[in-house]
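Paired with chain B in one complex and with chain C in the other, chain A is shared by the two complexes that follow.
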Partner chain A sequence: MSAPAPTPHTTGTAGGSTTRRRRRGPRTWLAALPLLVFTALCFGIPLGALVFGAVTRTDSRSGATSLTGEHLARSLQGPYLGSLIGSVQLSALTALIGAVLGVLIAQAVVTSRSQGLRNAALTASGVLANFGGVPLAFAFIATLGISGVVTRLADLGSLGWDLYSFTGLAVVYLYFLIPLMVLATVPALDGLRPQWREAAQNAGATAWQFWRHVGLPVLAPSLLGGFVLLFGTAFAAHATAAALVGGSVPLVTLKIADALSGNVLTGQENVALALGLDMILIAGLVMAVYLPLQRRSARWLR
Partner chain B sequence: MAAMTPTAQETAAVEATSPAPDVTRARHRRPRVWRGLVLGLAGAYFLVPLVASFAFTVHVPGRGISFDAYTRLLSAEGFTESLLLSLGLAAATIALSLTLAVPALIAVRLGSPRLRPVIEVMCMLPLVVPPIALVTGIATVLRWGPEHLSRTPLYQTFIAVQNEKFPVVLVLAYAVLALPFVFRSLDAGLRAIDVPTLVEAARSCGASWPHTVLRVLVPNLRSSLAGAAFLTLALVLGEFTIASLLGFRPFAVWIVSISGAHARMSVAVSVLSLVITWALLLLLSRTGTASAASAPSRKES
Partner chain C sequence: MSVLLATAVLTALTAACGAAPDEPAAAAKAGADAKTATSAAAFGGVEGLVAAAEKEGELNVIALPPDWANYGEIIKAFEAKYPKIKIKSENPDASSSDEIAAVKSRKGQDRAPDVLDLGIAFARSGADEGLFAPYKVEAWDKIPAGQKDPEGRWYNDYGGYISIGCDARRIPVCPQTFADLLKPEYKGKVALNGNPTKSGSAFGGVYAAALANKGSFGDIQPGIDFFGQLKKSGNFIPVESTPATVEKGETPISIDWDYLNAGYADQFKDKGVDWKVAVPADGVYAQYYSQAINKDAPHPAAARLWMEFLYSTEGQNLWLKGYARPVLLPAMTADGTADNGLVAKLPKVEGTPAFPASAELDKAKATLAEKWDKALS
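Now for the complex of A and B:
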């Protein structure tokens, strides 16, 4: 990154500010080059290979590659479709419950006057939202698994409790989704100015009318954005489910892992690629909804 | 996914503007009940698994309390290797992602604002691609090695990056996953200092570019660099999906592999790794970059 001495003579004939811009432009651009090359190589190539493999078929005898929609079609059939639907159902359910509970907790934190509680809750949320994966699965196995502490104390086994099921997985997912929602909505709830409530009260509005006509409309983009963020997080989750249920709950991430690691039939790995592409499309859709919402809510929260 | 934690100003503003006249105080009494209820239930839900896991590891039914699960850890087969592998991968990932991101982001701040959207989109894209989808792509690319490139020098590279002892391919994948967090943390740090003035001052005094970056800018970015490093460390230590599907055995994969034979020990390791991660994140929020600590990260879930 060493540069020539900044004398005007080394940088051509144009004078004043144009020289300056021209001198800086190429040099700073070069500093960003390694990052761009790295992303193109280590992110772009695998992604390209994923898309390419998902839409092509290579004939094993002739080696010829042809375009086909077969893998994508197969990824939307039978057990594969079931796993996609299972994932979407689980993500939607946990995101909905997580969003509601997260908002309740966030509201409780925001309305409390205690700065200590607020700091503690926000720090804890930051830590818990980052707590996923394998350790979380094992913590829940120790708590609510077949010989888990709470299972034995409360004799949940006889009540038909099963951690290794759709419901069990939902309970585990909520452990990192609720804190995520708290983090996502506390700024929005802070943005609800007390003056708005006072103004509504002075105008004779009831609490319900305030929420119906002022509070919820202002919060709506943030709440929806939080829901979508939770959905995306739950949808992409794999490690927790892999360590917890193995294969008993149909989830698309588990199906992809199966198809990749097991010695599957040829052509099956292309279905894994197609499933990966399906996931990216769904996650992309989620982001496409989330980002504009984020921007809209930012308008009120300045 | 913009910053989600409230800034200090916002908090102060809310506090300054809540006057709590007598009328509203009466109304606040009812909320106090449900607030206590909500926070109590939430506290129970979030604490019980932690307490129960600890109880699970120290209490053996019929034999009383014992810390065996923790003391036997060090001698457990594979524990040290997998932990050292994870730490090594984390160090390499942190070094790689910071070396890539710091110059690029300084460049964007300094002279190429038009590059900003490009860099931002590139750094944020990994959030849209779930790790499991990324690993299918990586596995496909790695398969090209033996299939198409066995007679080219590139083949040796393919073998080298998959070295069991130190899988470089994991470092590359983790650096991609860490990009969004590194970007956000550094971007926030750079926003807080006046880069052009600092650079101009340093350059006018005759400092070379490397000197300017390393001795002037980096010290000013210390806390946001630490934030990026901590988040990357947490991500790498907990990462399971990519490593397990590519057939390597760092820490998280090792925990799962022993869980069948040593259930108590796997929970003990989980509790330990949790405590360590939390300590790191708390330390991070203490060093002043609370926003980075509480930003949702794509730690494995």
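Now for the complex of A and C:
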């Protein structure tokens, strides 16, 4: 299932609450102790097992375990490397499109005066952002597949439409990524106070100038956070892609599933763990780019 | 590491449960015997085996989908015949590697699977790792030599041929051979049962296509090229064919085991799908699945009884009823115990099946894992 990740870092910073003075003291970290313990147990142990499996080899006969870089090396070669690249391409592209369209929709929702539209859009986004996995794949197959209702009504086949391709998969991903972006950015857009725009207008700024110098800088952390969230969601998605494109669009999650629970290839479990480690490293890299950028933009909000 | 820890704890717990003081010593001894018994003779014949199995009262099976080769009916028939033994069926859609993982991770637990239904590569690698108990069923001698481990750690049970299923309501002329599949009239219509680097039947489909295109057991490349060509011409759709996609018409032509395709024909007759099955004459490829007993089976006697049941005339005919070809079919045809009505309903095949050697199979899989993505994208 393409379980959407929680949204810890996407909301709030644009609001007024950041001005609240933070209490610093020796006991602050104690309050975080349950969280730290939870993180250590639920993330640390699996991560440890993953790393251990990725860099060791156990001889099936003697049971002896030895250190090896073979699995990691294999995970960065040939079709495995291709699947990592494929996943990054698909995730980056869908996250970018999803972020842009999501913000436009969120802006439309926020600026419209209709409370009904707002409620409807937010509720729908909440539902659609969590609609993923095999059910979503089948919904698309029934609608836009080769014998899908819309495909046949509009004769999309002759126009070159193919659901079972990179493009098709990107469209399906956008179906849950755009609503996710809407959910992630509406609170931030709410935080853009109308007074700022009025002030800018009074000072003779055009709409473009307002967005260029006020709106976007203020929103940047939230937008970046939304993009990272979308990237992560697309990067980790598995079931939808598995049901739709099988092996014809190389994705790392599909490769891990092949290696871990297949009927064909034996003894690939450690390569799957190594691929998992690669995924964590890529996610870490994305975060490493995002965090300094966010801190930089957040500075303007103080 | 956490898995190891959990296993250790659970092993300690289950060991403590097993050592309940009121358990009669005799039963414990019979249990120990059952673990090492290599034939029914060790129990003093099949009656003794039945008694020992009934004492255990349970059998854990894994990865037996009820709609696959008639397993649903086989499980029911076993329970009807031995009402004192309850079958616990776990994760019916599990793959072979899931089964091996379950054997390893639940070593010593009551929940460990007793018997396994495995793809041939996993049967061989599992035997090499020493995971299976050697046991020879009553019908052992009738299993062809090429289809069993000499020590009895695994043996083939049922199988079938790669076939082309076709929805005759949507496809005016059904393809009969791999060469037919390239025709432009089949654009956007040809599917496999999954990704061949993961699904055994899809792998068989590529192997059969290789044989149809001047390849061999040692050379699967022509099969990969064939599907690359199908993809380029737009005939191939990468969607995994399932009963759902077959019924809906999304995979109007599906390359799959003949027993699955023939099963779909029955299943969807009432639903307006006229599903035709043809075994392509240019790419004849058969593959059998293997049975094995977990060396640390929590119910060793029941596990052995299950094997005896599967390789009995009754068990073999039940597979036949699911359109699968039981491994004893040649012997049963010879001695007249095969259900001829069921044999007549099998898709027609010319000749006898040949099987790749381990090394050829390994090479084919390595080639496939390396080249499939590139050919298809």
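Everything below uses one rule, namely that the second predicted complex is superposed on the first by the 226 of 302 C-alpha atoms of A that agree within 3 Å, B and C clash if a C-alpha of one lies under 4 Å from a C-alpha of the other, contacts with A are read in each partner's own complex, and residues count from 1 in each chain.
Following the convention adopted for this analysis, a residue touches a chain if its C-beta (ideal position, glycine included) is under 8 Å from a C-beta of that chain, and two chains touch if they have at least 3 such contacts.
Not measured: the values here are computed from a predicted model.
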**Study point:** Partner chain in contact with A:A49 - chain B first, chain C second, else both or neither
**Key:** both
Exercise for review: Kindly classify A:L260 by the partners it touches after superposition: chain B alone (first), chain C alone (second), both, or neither?
Suggested key: both
Check your understanding: Thinking of the overlay built on chain A, is A:I146 touched by chain B (first), by chain C (second), by both, or by neither?
Key -> second
Check your understanding: Once the shared chain is lined up, is A:F235 touching chain B (first), chain C (second), both, or neither of them?
Key -> first
Exercise for review: Kindly classify A:A243 by the partners it touches after superposition: chain B alone (first), chain C alone (second), both, or neither?
Suggested key: both
Point to revise | Contacts of A:L183 with chain B and chain C, given as first, second, both or neither | key: first
Practice item. Quick one: classify A:G116 as touching chain B (first), chain C (second), both or neither. Key: neither
Exercise for review: Considering only touches as defined above, state whether A:A31 meets chain B (first), chain C (second), both or neither.
Suggested key: first
Practice item. Considering only the touch criterion stated at the top, classify A:G204 as touching first (chain B), second (chain C), both, or neither. Key: neither
Review point. Is chain A touched at more residues by chain B or by chain C?
Key: B
Review point. If you lay the two complexes on top of each other, which residues of chain A touch chain B in one and chain C in the other?
Key: 45-46, 48-49, 138, 141-142, 148, 242-243, 257, 260-261, 269
Practice item. Please name which positions on chain C make contact with chain A in the complex. Key: 1-3, 94-98, 101, 119, 121-122, 125, 128-130, 170, 188-189, 192, 194-200, 203, 231, 234, 237-240, 244-245, 248-250, 252, 365, 368-370, 372-374, 376-377
Exercise for review: Spell out the part of chain B that touches chain A in their complex, as residue ranges.
Suggested key: 1-2, 4-6, 10-11, 14, 17-19, 23-24, 27-28, 31, 34-35, 38-39, 42, 45-46, 48-50, 52-53, 55-57, 99-101, 103-104, 106-108, 110-112, 115, 118-119, 122-123, 125-141, 144, 172-173, 175-176, 179, 203, 208-210, 213, 234, 238-241, 244-245, 252, 255-256, 259, 263, 266-267, 269-271, 273-274, 277-278, 281-282, 285, 290, 293-301
Revision key, fill the gap. Touching chain B in the complex, chain A uses residues 1-3, 6, 21, 24-25, 27-32, 34-36, 38-39, 42-43, 45-50, 53, 101, 104-105, 108-112, 117-118, 121-136, 138-144, 148-150, 173-176, 178-180, 183-184, 186-187, 190-191, 193-195, 198, 201, 207, 229, 233, 235-240, 242-243, 253, 256-257, 260-261, 269, 272-273, 275-277, 279-280, 283-284, 287, 290-291, 294, 298, 301
Study note, to complete from the structure: Per the touch rule, the chain A residues reaching chain C in their complex are 45-46, 48-49, 52, 60-61, 78-79, 82-83, 138, 141-142, 145-148, 157, 162, 164, 242-250, 254, 257-258, 260-267, 269
